[in-house]
Amino acid sequence: MPASTILRIDVPGQGLHEITGSVRELVHELAPSVPAEVARGGLVTLFLRHTSASLLVQENADPSARRDLERWLARLVPEGDPLYTHTTEGPDDMPAHIRAALTATQLSVPLLDGALALGTWQGIFLFEHRHGRAQRQLVVHLG
Amino acid sequence: MPASTILRIDVPGQGLHEITGSVRELVHELAPSVPAEVARGGLVTLFLRHTSASLLVQENADPSARRDLERWLARLVPEGDPLYTHTTEGPDDMPAHIRAALTATQLSVPLLDGALALGTWQGIFLFEHRHGRAQRQLVVHLG
Amino acid sequence: MPASTILRIDVPGQGLHEITGSVRELVHELAPSVPAEVARGGLVTLFLRHTSASLLVQENADPSARRDLERWLARLVPEGDPLYTHTTEGPDDMPAHIRAALTATQLSVPLLDGALALGTWQGIFLFEHRHGRAQRQLVVHLG
């Protein structure tokens, strides 16, 4: 008896946005819908329904690590690369697809005693690769 | 009571090959072997049994986005790089391993009301990194 | 009735370290704690509790392929890049976060007749991105 819900995330713009707290809350809300042993030791799967944003587990302590990662990836996959032919949706669209392809669309995290089994310094992030504000949909599955 | 099968995919050559339809059909075939709530809301896991091909969720609308992604990755990880020492299996072998390492070997997609929870523009692709024709094995697991 | 355990891995230093055998043993130990059909056909999920190491499925046959991959990634994400501002934890820290972001934190492998559904040439590797000896924690989940 697995359970799912869709988390709608309002993203202010490009970059890493921590969603650990929101995921934790949703897992808590889903827990009564699954058998007790799944609520305690099941698997949480996050699936992002987009191809120009992605998921990442990264350090949640020092924001400079996140800033450096964002800047490094922006340099590796810059806007305006003459290689791109897919340019009709704006200069940030094709780099967004490539940056998403290099990171993850899906992430599964086991539960240990009902809590996400993240390490001490780990946070779950939505990595928005386009410039503007956006609402992103994340499927949260507990099974 | 999970269920699995192996999908054999005949790949014509290098590049992104959409497999969303094949995965959908297989999930449909596996559904009667699992409890009704798993067929409706379980987790589909795809596992590719190779290290020179990979899995990717990408835009299935405009083919130019896929072409650009293929060309971008081919430029980042070119054939003939003097760094390579693993060259006995051909010039496309080592770049294939690296390109596979930068994308995904495994992908899980939740089911919502029995359907893959993909976004509107998302497709599932087998990313072949070697030149020749090949038959690739994908484990499709429903649980 | 899923089951989990934490595998503590003593890593001698930077690079790819094969853990296929250890994972296989742990799955064998977890099997009696889950229903027979899960022990035979369930899903094994590995989740690494760190942001400066990662998981990778790669060729386990020729070590030169692994060496080339390590050297290629070290060149793509070098130490001492003037872009980095997050430098207080040592010159290998920021590259480690980026290299981890480009590979995987989590990996799920289905069981077929009780065995990991790996391909003939596939091994599971812990990819350590920092220089020193370390003990890493890997959550192994069977469900």
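The first chain written gets the first letter, and so on, giving A, B and C; residue counts start at 1 in each chain.
Following the convention adopted for this analysis, contacts are C-beta pairs under 8 Å (C-beta built on N, C-alpha and C of every residue); 3 or more make two chains touch, one makes a residue touch a chain.
None of these values were measured; they are calculated from a predicted model.
Asks: How would you label the chain A and chain B contact, same or different, if same means the shared numbers make up over half of all numbers there?
Replies: different
Asks: Given a C-alpha superposition of chain A onto chain C, how large is the rotation in degrees, taken in steps of 5?
Replies: Rotating chain A by 120 degrees superposes it on chain C.
Asks: If you average the CA atoms of chain A and of chain B, how far apart do the two points sit, in angstrom?
Replies: Chain A and chain B have C-alpha centres separated by 20 Å.
Asks: For chain A, give me the residues that contact two or more of the other chains.
Replies: As it turns out, chain A has residues touching two or more other chains at 43, 76, 102, 104, 108, 143.
Asks: Which positions of chain B touch chain A when the two form their complex?
Replies: Those in contact with chain A are residues 37-38, 41-43, 56-59, 62, 64-65, 67-69, 71-73, 75-76, 102-104, 107-110, 112, 117-122, 143.
Asks: Okay, in this complex, where on chain B does chain C touch?
Replies: Those in contact with chain C are residues 1-4, 43, 45, 47-51, 76-77, 81, 83-86, 93-94, 97-98, 100-102, 104-106, 108, 137, 139, 141, 143.
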